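Single-structure report; data block below.
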Amino acid sequence: MYDRFAALRLIDDWLREDIGAFDLTAQLMIDADAVATFHMNAREPIIVAGVEVAADVFTRYEPRCQIERRVQDAERVDQGAILLTVHGPARALLTAERTALNIIQRLSGIATETARYVDALKGTKARLLDTRKTTPGLRMLEKHASACGGALNHRLGLDSGVMLKDNHIAVCGSITAAVARARKAVPALTKIEVECDRLEQVHEALAAGADVIMLDNMSLADMQEAVGFVAGRAALEASGGIRLNTIRAVAETGVDFISTSRPQQSAPSVDIGLDDAV
Amino acid sequence: MYDRFAALRLIDDWLREDIGAFDLTAQLMIDADAVATFHMNAREPIIVAGVEVAADVFTRYEPRCQIERRVQDAERVDQGAILLTVHGPARALLTAERTALNIIQRLSGIATETARYVDALKGTKARLLDTRKTTPGLRMLEKHASACGGALNHRLGLDSGVMLKDNHIAVCGSITAAVARARKAVPALTKIEVECDRLEQVHEALAAGADVIMLDNMSLADMQEAVGFVAGRAALEASGGIRLNTIRAVAETGVDFISTSRPQQSAPSVDIGLDDAV
Amino acid sequence: MYDRFAALRLIDDWLREDIGAFDLTAQLMIDADAVATFHMNAREPIIVAGVEVAADVFTRYEPRCQIERRVQDAERVDQGAILLTVHGPARALLTAERTALNIIQRLSGIATETARYVDALKGTKARLLDTRKTTPGLRMLEKHASACGGALNHRLGLDSGVMLKDNHIAVCGSITAAVARARKAVPALTKIEVECDRLEQVHEALAAGADVIMLDNMSLADMQEAVGFVAGRAALEASGGIRLNTIRAVAETGVDFISTSRPQQSAPSVDIGLDDAV
Amino acid sequence: MYDRFAALRLIDDWLREDIGAFDLTAQLMIDADAVATFHMNAREPIIVAGVEVAADVFTRYEPRCQIERRVQDAERVDQGAILLTVHGPARALLTAERTALNIIQRLSGIATETARYVDALKGTKARLLDTRKTTPGLRMLEKHASACGGALNHRLGLDSGVMLKDNHIAVCGSITAAVARARKAVPALTKIEVECDRLEQVHEALAAGADVIMLDNMSLADMQEAVGFVAGRAALEASGGIRLNTIRAVAETGVDFISTSRPQQSAPSVDIGLDDAV
Amino acid sequence: MYDRFAALRLIDDWLREDIGAFDLTAQLMIDADAVATFHMNAREPIIVAGVEVAADVFTRYEPRCQIERRVQDAERVDQGAILLTVHGPARALLTAERTALNIIQRLSGIATETARYVDALKGTKARLLDTRKTTPGLRMLEKHASACGGALNHRLGLDSGVMLKDNHIAVCGSITAAVARARKAVPALTKIEVECDRLEQVHEALAAGADVIMLDNMSLADMQEAVGFVAGRAALEASGGIRLNTIRAVAETGVDFISTSRPQQSAPSVDIGLDDAV
Amino acid sequence: MYDRFAALRLIDDWLREDIGAFDLTAQLMIDADAVATFHMNAREPIIVAGVEVAADVFTRYEPRCQIERRVQDAERVDQGAILLTVHGPARALLTAERTALNIIQRLSGIATETARYVDALKGTKARLLDTRKTTPGLRMLEKHASACGGALNHRLGLDSGVMLKDNHIAVCGSITAAVARARKAVPALTKIEVECDRLEQVHEALAAGADVIMLDNMSLADMQEAVGFVAGRAALEASGGIRLNTIRAVAETGVDFISTSRPQQSAPSVDIGLDDAV
């Protein structure tokens, strides 16, 4: 789900941000006609995310850069793996290097951490969902990184789904009224989700015709009961306080989805470097 | 170091990113003339960074939002502390909420983690430096968060300092030649730093007139020797593999600066929420 | 579904487009401190759409403009009805006038024409859907105009739903395989629609788990058979060659949705003028 | 009058608008390395306008798209005519298709309708003029479409001519004073037009030195009298309520120009499709 | 001819350019709540141009700045005259100061120099014209400055007039053919100018129906002859190598316009300062 | 110090500014498939600055333009020297010509004038510094032109150095306190300069640890005394009222830097033309 066209605008902003007026060191020290070749390589085992956008950072800054991509996003690679090789004007490579590394380190960090949660779900029917708790400005790339790690995307933005929470329900008086109001105007291919923190609410949401029901911070027992009661008539999403060591137990209640922002908000950047190709 | 004028452009991009076409839920469910008041509060003890930019997210989206700021950036607050109170059109508050939280959670995470490193330096003369390993698009805000945590900023971008590394030195044949070349054209208020990984290089860089000398991945013994030899004639920056449990030993060698990207690349977002003000 | 924040960026582009270097006539002929009051009024009976964006054109160009809105979008008004009154610097009113009128004339034209189709569906259960055949640059405003006229929005953009057509199905070999592939990665709140032009395809799409099935250019008899067979297990959308004089017959087959681009692609702008308020 | 450089910025906005986060269907269903070839063809007889901008939509989104243009803007083509052939990555073709079609359908609609008015003027000396009543954001392209249909452009924007109306004249006290004020500061290659709705005003405008005199909503008799009196000393533009069935009578009064917004504000989009090239 | 709406976008770019990441000095040294009052004053006698845009620099950066404008653009003021007084947050005033001064110094320099040429024409009928030889990015503001100095604007851009030069004429074979080709498609309120460097060309251009004829680098004698021959049937513009000490002689030949880029390309910035208001 | 990536954004703005809606003359008169070759040449002896950006103007507008660069920025060339040759679509060359010339004329004017000041310093150790008094929007290009003329750049923007002036010192009570405050937070590679207009201040600034001391409008005698006292412990910058005929005497006092805005604010554009290559 990497759209180069959309990414180019971000890349422009990032490069301007790091370069400022101009790269003093590269312009002063590197001759305009010097060329170089660098390998970008993983310094730890990772799930790769961002090899395309990192490549585009170089070619956007200097179209004469030539890229050889060695892996694909979503691949699992070992320490030492070469992700891409870039050849071009040395000055440009040094100017663009930091921006290219910053983004691929962050995205691969998210993919790698996400995969740990996804691995914990193996053998259950539950799918991991990401959230909208992404870094401002990087929504689509971080959603892409989540997908590389094996998660399914939840809402891409406020326009890709209706999510009825306390405030919305309070306005309408009841879950029933809220779902009815939403149904009347929601775009034809968009689903409606209702956030519930008690079982009675799950009953009401199901009756009201919710497409997805969020079980928010419920006990395992309550989740299990909800699964039994709903019996596939709506999708069920467990949410709230999910951790790597608790996620499997949640999955085993039989819910369809488990959502967590942990991999996006807590994953450290992974170590990826750019070295001279000898 | 928060420049609202610069931040507004970022805020525009973030809001567009999250809203997409429009906030389906808020537009469908919340009446245009409903008003609300929310508190933004810390759900764990933190160093605050980003209360101004979070406030600006609300007012930029809807100028009728009124903000009461309860703390200042760089303040240390307890769990439960109210950071700001926002009053305005309910629809706008719900639309802008996620973006405001996403940024303050991340920036406060960086400030809080940075402060742990700074605390470890208490009583030594070493100052913590951040790096350019920031999230693409958030350079200035993350530099600001570092400063809120007590760090000093290293280069803001490629235009705010000359940093001579292996590649640049190789081009000129020697550190001496490289510093001379840089000195000839560097802007008048900008310093030159030389990256050294051996003591002989430190000697050459000092003689060449470097303003700052980076001791890159050196042993504590070598760092101590460099401090003794340089004796204040240039500033010394220790760098490479700095961790919270090793930083104090590095500081005790007598270096002026210790740089690390850890708080920017690994700090988890902290927990900050937005709740109805009853 | 009018998001002012998003609209302001469009308004800026429109004003720059019409003003060019500057409004020669207004700058030469109108004194900078002259003020004026104008009524914007309907010169024929219309369904209003765009009164907010028209008002914002004036205030965006000149924040000192004061607007009194007299009607709400989606209201049906008679010839002569005043839509809004604007008071402010005469020079600004004359400069912004044409842009404000151009947009409200077009949007109200779409709303008014859409309402004719919606009226034709009264008493049936079918809902009118718009399409992505909108004027480039005006997608959201034209979708809003459709909604003002009583239609439900179909996809807002390529990110708000999966639509499987011939090409996509051919890639996967069958509708069954195509739906399975889509289901594996589609965001959690997004539906999948399959375009069918034969009844066998409807059977396969239903079995494959499509959320919505498009009956593309089918005969009334086939549509009726599809309605009977599907029996509410998926939503059915009739599409292709819908006209005002044929739409009711289509609705009476029992389909859930009828989609047409006619009101967006063929509705003439309605007559709305700006006159001195005496 | 198609400036590619200017159009590219619009195309970027259009594509972002339709794609949103990303094209879910194309990204999920179409392999990244699949290629395809499509013909864009006219499904009814039309005057073509927009073949260049439609081609640029594809190449801007994906520079590897190869275009073979089969017709030129302003050509009259039959039903079934191929306008262009596009070959390239299938995913990109499907993503960009709707935007390319939307713009060429609209522009060709305007050109085709404009040509009907121009045909009605054949054999008279009157030239058809368009107006500033264009779709916000599409001014230049719609002006280009008008020209493709055979019309002459009136003002491109508020900076390309002085147009003195009631309000401006009232400020100065008389047409004479208003023209004098305008003449003093109008750029050297820009003309001054005066809007008149009575014959006395025509006399005054001519004496004042107006370059063009608009006969606004005048009777045929009055227009004819104005033509006789002015006798070529200024250009005369008939305006107001022009329809396809009345325009020739107006032309036969001997006016130089006849202006109408009808083809821009009322022309339906024409039917143009994109089909697999077998 | 100052359009604030258009200027704001430029001001944003200028401020970002000067501020970069942030104003280190103001942020470090000036308390956020300090306020100050400054006078902007002329340190030499000048024709003022840019007092509005300079004021807008302050208020755009910080909307709480209050401006008292003491003079109007195009006024002639003595050394020491206060142009405006600005009161607001001290930090903002110091950050925006340089940008505000840079633009008003440059624009007033152009206006002041332009006025010298205009003064030299007093008593003749010739009007001074500016050119398109303006600083990239400042076209409209420099055109405005020219007008403040008393000149008339020539083309605002390539869209505000047709100018037929050697290359264009060569394409068509003759001036006659070139004017005819242009006349067929030029917008209704736009004039056609022909550049001539020999008298025979003037004759041909007049016969062809040129609205304005440029006498390019002609001798005074030839210009006088052209004036006599043309006798008001087209406007005549003298151009080429005009200097302050030669312009009056050119005017006395009876031409209508004299164009020169000297005041735009050679005028030094005038001395305007910002001082504490005690 | 020319960064093409940064320049392209400026070039886009400049071209849009000059072209407006479209280049009427080129579009009407020049066939789309005509090609041409032009030489850009110096019509007087100059120091070239801007040959790269001028070339980029052509290729940015029309990528099919082919450029042969004949000189490098910072070269001194004689009258008649060809700077570049451009070959491509004639229509594009004529449309982009004025913008390309306007920028190279201005930048070369600055470089040429700067070189006169630099020449006057030959044999002294003083380096010429430019200032922030640049044309809004052209900072980096004018800084580049200064460097082409032999000057060293002073601050690139407000983020590339701390400059303590009267206002900042007053806030802190003393130079000593102000420098201490700045030192605590200034980025690690950034210097601090103190503006002094009396010798006592120089003493205090030196003791406070200023990196650079500005001698503002001091007498030659005072400057000489400051040089003797400071004795290399800080860099000294002479500033204020520097003229071409006084600069050498200032240099002979032994200061390190002499700063002046004269070449930027007063240099006339040099004469560079574009001619048919026969």
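Some observations on this one:
By letter and in written order, the chains are A, B, C, D, E and F; residue numbering begins at 1 in each of them.
Note that a residue touches a chain if its C-beta (ideal position, glycine included) is under 8 Å from a C-beta of that chain, and two chains touch if they have at least 3 such contacts.
None of these values were measured; they are calculated from a predicted model.
Contact with subunit A and subunit E alike is made by B, C, D, F. Here the CA centre of subunit C is 44 Å from the CA centre of subunit E.
Shared contact sites, meaning residues of subunit D that touch two or more other chains, fall at 19-23, 139-140, 156-157, 159-163, 185-187, 190. Arrangement of the chains shown, judged by which pairs touch: all-to-all, with no pair of chains left without contact.
Interface of subunit B with subunit F (complex): residues 129, 147, 152-156, 159-163, 185-193, 211-212, 235, 237, 257. Residue ranges on subunit E touching subunit F, taken from their complex, read 10, 13-14, 17-26, 28-31, 34, 36, 90, 94-95, 98-99, 101-103, 105-106, 132-140, 156-164, 167-168, 171-172, 178, 181-182, 185-187, 190, 265-266, 268-269, 276.
Across the complex, subunit C is touched by residues 20-21 of subunit F. Partner subunit F is touched in their complex by these residues of subunit A: 15-16, 19-23, 27, 61-62. The touching residues of subunit E, counted against subunit C in their complex, run 1-3, 5-6, 139-140, 143, 156-157, 159-160.
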